[in-house]
Every structure is written in structure tokens, then in C-alpha cells.
């Protein structure tokens, strides 16, 4: 049967249990999420964002995430591009103030097209940051990170339970689909309208199961002695074994503080000096030169 | 004798229900006793257990009458954390009881809730998971393992809390036969070594009857019959009518008794049955 | 513990929201659990909806709003909270909006979750949609108004983030509006009609805003 | 009817579930798949029904390779699968729609469909008054029957039922098993059940396939498989109590492979009481069993 490579189930798929990401504390990984997926907001210069995308892809590769999982997002990248550039082409705004480019039998306007490009790079950079996080973290990691940051127990519990229940509903969803196939449903031969109808068949059982589950889980929580405040009765404190299991070491603090600091620095620089403005982009200079030469 | 559980004329009705799920039920269970609860589905077995655990009336809305006491104090006046230390509850549906993301968290969740110090939690997890043979599952999500494993995880998470009373609602419904033996052995050792008060609701009577000090039949929201296992199963046919399947060995000898081939107490275990049968066949001069 | 089967005649409109004499309603663990489960269900429905028809951040078919609307109707603030938070994760998973954009969407998601619940409570509408008046309030306020306001704010955010040009805003607004309204009308109606009878009997149902 | 060749299956996280399973099931058999938790019973059953695609090897059902493209519609007419948890397979809002869902997918004309729905509902014990009910409001036992009826409506030649008796009390278990036996005996369906209840297997199944860690450990007539307790122990299964008793008394002339309370009582009576030999049916074609245990003697 060969060596079975055991993988950990993350929110978006599987990652080998020995992925180097697991050498870092969940808090550090959450800091990475903030850095990669919020920083681009303050960066207009497309080169920087493209660089961040490359870094993220590099991290995905380094973290041994299966590339099939990432490839699922390819169609999305294309449709988002079509949408953004399409809008810029069809509705460019006040044409008289813009620079026209005539090409392949149509008139484009430089400014909206360039702006679409800038926004697209920023959006994709932010998305890849989130994809990286969800591909390499389990629900438990999010829970540990929240607890280590001192988030109130009830909040961290709701966050973790909602991620977990999303996982359960995905499983339910798969089973329902299997059950439909078992009764002769052929997904490939369905029209769009019929596919839309399918959602109804998924949603009703999903909600009914959710109702049952809410009752069951709240009974189970009561049975395990959980109170809304999270405090055991008769004084005393709720203990936190999980957090004690994942001590945040000096290196983890350094990584987390470094990433959040880098984020803050970029944000500050962007607002005060405009160093990440798209007007400073070398690529823009090249394109503007090409447009002028025509 | 110290009573662990006293149920006094307890009635219960769910909202929107047409009739009471429990009707003036009374039951007293001494500390350290092993009780087996049997009866058809929807007869009120689980409802009775929920009332002892205090989920009724704390966590389920409805109308109730009468009182349930645990160690002399009404459960309605105890809060969740106190009850969690006194009464452990393993739910019937293994999917219905998980509250955490991994098996390990499942076990430690209750321990954190009642404030067990972190230094002690590791040892408790280890002990409970070794006892139920789930040590290799600690890192997995509880919804990603097989039904039988789920049931063992549920039992481990309750055992780790070290309760004085343990309620198990159909703990072996999804477990393979030898896995069932493991659960039965655990229950046996809890009774023997830890003097724990154990209440088991089961359709699989064969495995638990030999351990039980007393068997209780719940039917139609009432306790219809109650007694020591040796006498409880005497009337095999009427039990089968109630949806209860007595141990096969007991059935065999009850039938032989009626045919006039056997006289004596009805056996409950393999060993007793083998011995009784051997005597019977030897008596008939048939043992070669 | 299963829900007993009875004919569907029960309290309607007025009676659904009225608390009985002596009835004490207060939030419990079940509401917190429901909040989490609804976020979970929203993540699944929202993600799959966007992945099935991915045409960028204004999904032409986003059943997530149905979850938002029925959540507000059934579970009051708990449903509204769920409706506000699940898009953060479903947008990130499906790739339709990164975290900062989702944060900016918050007011839109609040309205899309809140309006139906508010209208049903104030106007004493039966969640099982039994009269034409029930339908009218649901469609006009819960679906059309909520999604129009949501789309109005959402497309403003898109313009603000520079993801669409100002002149593209009307198109995007229409796309958002129909992309939410159509599935909401279909799924939301089905959920209200077929799942409400179960919800009304569950302890998680909120007659008031919190319980 | 069903042929599985060197089946292997691995979960996405790399855990193996099946490892080289080869077996043949003929039309008209009543088979029980047994084995410990995690032995691969459900995975095998789902592979046979074409719901899971094996990682290696292939399954041919009634001449159709389950892995081939576009065969689902033809396949479901040959093999139907009833899930363990009815909650997941009931996705329509009315019982009637639930039962007619399969035939509708297969393009059965409406008038014919209605006749089929009424017929299978009657067979499964789902009364027409329930047709407009929401499946979620039914009791668990009824939900299970609706699930079976909706699978029957497709008229598959083979019916696979995962854990037909879990969570049911003794009466309800007998009801379900008697119902499956009628389908097998009267309508000629092939039945495959996945179960942990050995008394049920002993009383109803004609053939037992015992799995252990993804491999077939024992495969044969129920009586023969249960007569090998040492082999069974490897699969974490033990024969029913009556079989264990019968083995212990074999020295006195009691047949060692008795499967039900009825059989064992009759054997003891015959041996001890010297009554006329009771004709014990052969394992190949058991007489209609009266349930895994005692009924009234008469």
C-alpha cells in the first residue's frame, strides 16, 4: 500500500503535516495574514503588489500546499480580470479628459484601463494572502491564535465553532449531493436554471440539520459545564490548557511584531510620502511612453 | 444507604407536544449501583436521563412537575458547572455531542470549564484516551472519524471529568462487537474499582445485563417494571413485545424452561449458559 | 426529541411574535450556538454561490442574502450578527472580496440582514408566509428594499476602493441588486415557507430581538 | 451481477480505506458486510454503488463500469444505496416529491411515475396521507422508510442499505429486516446490508463478507463464517451468543453452527429430549426467519 502521507485538513484543503508553516505559532501565521492581505490596500504601485503575489506563491510552494488547490482559483482570476477591464472599457467615464488609444479596431482610454490594472493587482494580492492563510491553517490554529491574543473565550469559541460548522456543512453538502447522484442526478446534463433549483434542495436540509444541531450542541455544552460567561460557578477561573500547550516563544513574537510593524510602516509611508503611488510606477512610465509614441 | 439519584413523581411535556413524555415517574438509585434502562424507542428513556442530568429543565423548555434530586439536592437549583462535576452524560447520537474542533479539545473542553488546573489536564487526557483506546485520534476532528470512534471519544471526554454519576445513552449503537466489549469492560471497571454510579440506556441488553444491579423498563412515559436482572427477564415474550430483546442465552433457557427441560435461575452470561446447558445435556445422558 | 408532527395550523402573524403571559424569554447558550452555526451555513452558501457563478466581486447570483434575511427574521440580532460576519470569510474563500473590502461592506450586510427581520417584527408578519400581506412585506422590504440599499452602499464601496469606475457604478448596482434579489426571492421564500415551521418550535427562535 | 476487482481506496488525507478487494456478488443474494469500525465497509458499499470512485481497480455492476463517464443514470437502475443517516438523503420538501425524485431524474413519464410512487410507498409502509408532509417532521423510523421507498422507486436490481437497524429498537429492527426480506424473496432484489448487529446477520443474511483493514478476511455462507470465531475475532467481530453456546455444547451432539434462538432451542430439545429430529434449513436458502430470536413457540 506504500507509505501513506498523512495530511492535515485545513479550511481549504489538505497540507502535509510536516509543512514548515507548522513550525510557527498560530499568532505569527495570523500576523502574516494581516500583512499579506491588508497591506496591498495601501499600495497602488502594481510592481509592489505583483511582488507580493510572487512572495505569496513562493510561500504556498514552501509550505507544500498542493498546487491543485490553488489552481481552482484560476478561472476566478480570469473572470475578475474580464469584469474589471470590461467595465473600464465599456464605461470609461468622461471621455474628453482621457487619453484615447486606438487599437484592434476599438478605442480604449488609458487612464481607466491603467486604473483597472492597478486595482486588479491590488485585489489579487489581497486575495492570495487570504488563500495562503486558509490553505495552511486549521480551525484549531485560528482558535489558538485568538486565545493567545487574549480574545474573550465566548468570542473565540463562536469563531471556532462557526469555522467548524462550515466544515460540517460542507460534509453535509457532499453527502446530499451523493444522495442525489444515487438517485440518478446527472450534474453534467443540467441547465443553469436546473442548477439553481438544486441549491434549494441543498439549502432546506442544511438549515433543518442546523436547527437540530443548535439544540444538540447547546445541550452538550450544558452537559460539559459550559456557562455563557465562560466562568466556572463558585468562583475560580476557566483554565486554558490549549493556550498553555502553544507557548508563544521569542521568535514567534519577533515574527508577529515584525509583520504587523511592517504593515504599519507601509501604511504610514503610503499616507505620508505617497511612495507607493502608482504615478511613481516605472511600468506606468513605460506604458505612457508607448502610448505617446503612437 | 446514600442515594445518588431520586426522581419523585416527575412529569415532563415538550412545547407543542400533545402529551407528556414522562408521566409521574419515580425512581431511586443508590450510590455505586449499576442501572440498565431498557424500553422501546420514544418511550421516554432519554427524557428521563436528560432530567437526571439537569438538561431538563435548564437547557430544554417545557412544562415539568415533580422533582429530581442528585445527592439530595434538586438539579433545578444546581448550575451547569456543578452538575458537570457530579453527572457525566454521554449522548446517544455521537454526532450530537461534539463541541470542539479536535478530539483532544473535545476532552479538555469540559476540564477547562470546571477549572481543572492546566498542569493536571494533560494527565487526565492521557488516562481517559488510553482507557478508551483513542490515543491515536487526539489530533483529528471529531466529525471526521468513524461512528464507533466517535462514541469512544464521547465516553473519554466524560470520563476525563471524573464524575460521580455516569449516564450513557446507547453508548454502543455504532460500535463493532468487540468494541462493545471494550465499553462494557470500562463500565465494569468503573463499577468495581471506582464505585461509580452508572446508568446505561441500551438496546443491546446482552452485554450490559450481567453487570447490572437493576434493570428498569420505561414504556409510554412510565416505569413499567423494575427489578434485579435475574428476575427481570423471566417473562421473555412480554419483553419482546415491548421492543426489548433479552440476552439470547436467557431466551434459550426461558424457552427450555417452558418445555419442561430446564428448571432453575435463568442464566445471563455465556459462562452461566454454557454451564447450565452442559448440566442439562449431561443429565439427559447426552454428553459423549 | 424529534419535532412532533402536527397539522400546520398554528399561531399566525400576530400570535407568532406575541409572548404568552408569564413567558420569560432570555438569550441562552442555544442562541450563541445558532449564531456560530449560521455563520457556518452562511460561509458555505455564500462561498458556493460565488464559486458557482464567478463574475467578479458583484456576483450575479449570490444566495448568501437569503441566509442573511432569514437569519434576521428567525433569530433577531443573532441572525443579523451572523449575516454581518459570514461574508468576511465566504468572500475570502471564494475570492470575491478581500478582508478590507468586506469590512467596508459591513453597512450593506447589516441592512441586508436587518431589514426583513425588522419589518417582520414591526408589522407582525408570519415567517411562514401565509397571507398575501406576508408575501408583500417579505418581497418589498425583505428582498427589494434591503438589496437596493445594500447594492447602493456596496457599489459605493467598490468605487471608493477604485475597483470600478464611477461611470460603471449604475451597472454594478443593477448587477448587485439582481444578483442578490433573485436568489433571495427563490431561496429565501422557500426557506421561510418550509423551514419556518420548524424554527418556530425551536428554542433558538427569537420572538424579540435577543430571544 | 457485481464484480469488484482489486479495489483500493484512499481518503484525501492519504489514509487507506480499501486495499485490494476482489469479490463477486450474484443476482438474488442477501449479503451482509461486517467488520470492525473503520474496516472499510461503508467505503466498499459506496464504491459498489458508484458513489465513490476507487483509487485503483474497478467495479462492474450489471455490465457497467462504474468509473465510466455518463453512466450514472444507467447505474442507478442497477444499484441503489440507502444512506446511514436519513437526514442527508431526504432533500425534498414533500414526501411525495422525495419518492418521485429518482424516477423524475430518469425521465419516467408523470402518469407512470405516480403509479410507481404509490406502489413503492405501499411496499415500504409509507401511507398516502403522509405524501404532503415534510420529511423532516417524520419520526426517524419513518424517515428511514421514506429513504428506502425513494431508492426503490428507481427499481434498482441491487439495494444497498447502510446500518439498517442502528438506533432502532428491537421491534423496529425486525420491521426493517422483514421488509428487506420481502423485497429479496418476493421481488427478487439483491440485498446488501452493512451492519454491526450479528444476531441480525445470523437471522437474515445468506452470505457474509467480513472486512479487516480494507481487505476481505472471510467470505462465505453465514453459517460457515460464524463457525470460525478465531477468524472473526481478527475483524473485531464475534458470532452471536447462540452460536457461541452451540459450539460449547457440540460435544453433546448439538450442531455447532446454530444461528438463531429458535434453532438452538430446537437442537437442545432434539438432543436432550430425544424428540424427532427437527429439520434445520440449510444456510443456502434459509426459511423465512422469525427474527433474530424467539417468537412464540407455536
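Letters A, B, C and D mark the chains in the order given here, with residues in each chain numbered from 1 onward.
We adopt the following convention: a residue touches a chain if its C-beta (ideal position, glycine included) is under 8 Å from a C-beta of that chain, and two chains touch if they have at least 3 such contacts.
What you see is a predicted model; the values in this text were computed from it and never measured.
J.: Measuring between mean CA coordinates, which chain is farthest from chain B?
T.: A
J.: Per the centroid of Cα atoms for each chain, what is the distance between chain C and chain D, given in Å?
T.: 43
J.: Can you give the whole-Å distance between the Cα centres of chain B and chain D?
T.: Chain centres of chain B and chain D, defined by C-alpha means, are spaced 28 Å apart.
J.: Can you list the residues of chain D that touch 2 or more other chains?
T.: In chain D, the residues touching two or more other chains are 93, 136, 139-140.
J.: Please output the residue numbers of chain A that touch at least 2 other chains, ranges allowed.
T.: Each of 9, 161, 163-164, 167-168, 204, 208, 212-213, 217-218, 221-222, 226 in chain A touches at least two other chains.
J.: Two or more other chains in contact with one residue: find those residues in chain C.
T.: 1, 3, 28-30, 190, 194, 198, 203
J.: Determine the shape of the graph in which chains are vertices and touching pairs are edges (line, ring, star, complete, other).
T.: The chain contacts form a complete graph, every chain touching every other.
J.: Any idea which chain A residues touch chain B in the complex?
T.: Of all residues in chain A, those touching chain B are 9, 138-140, 143, 160-161, 163-164, 167-168, 171, 212-213, 216-227, 230, 232-234, 236-242, 244.
J.: Which chain A residues qualify as touching chain C in the complex?
T.: Contact set of chain A toward chain C: 11-12, 37-38, 40-41, 73, 75-76, 79-80, 82-84, 87-88, 90-94, 112, 115-116, 118-119, 123, 126-127, 129-131, 134, 154, 157-159, 161-170, 173, 195-196, 199-200, 203-204, 206-208, 210-211, 213-215, 217-218, 221-222, 226, 228.
J.: Hey, which residues of chain B end up touching chain C in the complex?
T.: These residues of chain B touch chain C: 14-18, 46-47, 59-61.
J.: Within the complex, which stretch of chain D touches chain B?
T.: 35-39, 84, 139-141, 163, 166-172, 196, 198-199, 233, 235-238, 240-242, 244-245, 248-249, 251-254, 261, 264-265, 268-269, 271-274, 292-297
J.: Under the touch definition given earlier, write down the residues of chain D that touch chain C in their complex.
T.: Of all residues in chain D, those touching chain C are 93, 133-134, 136-140.
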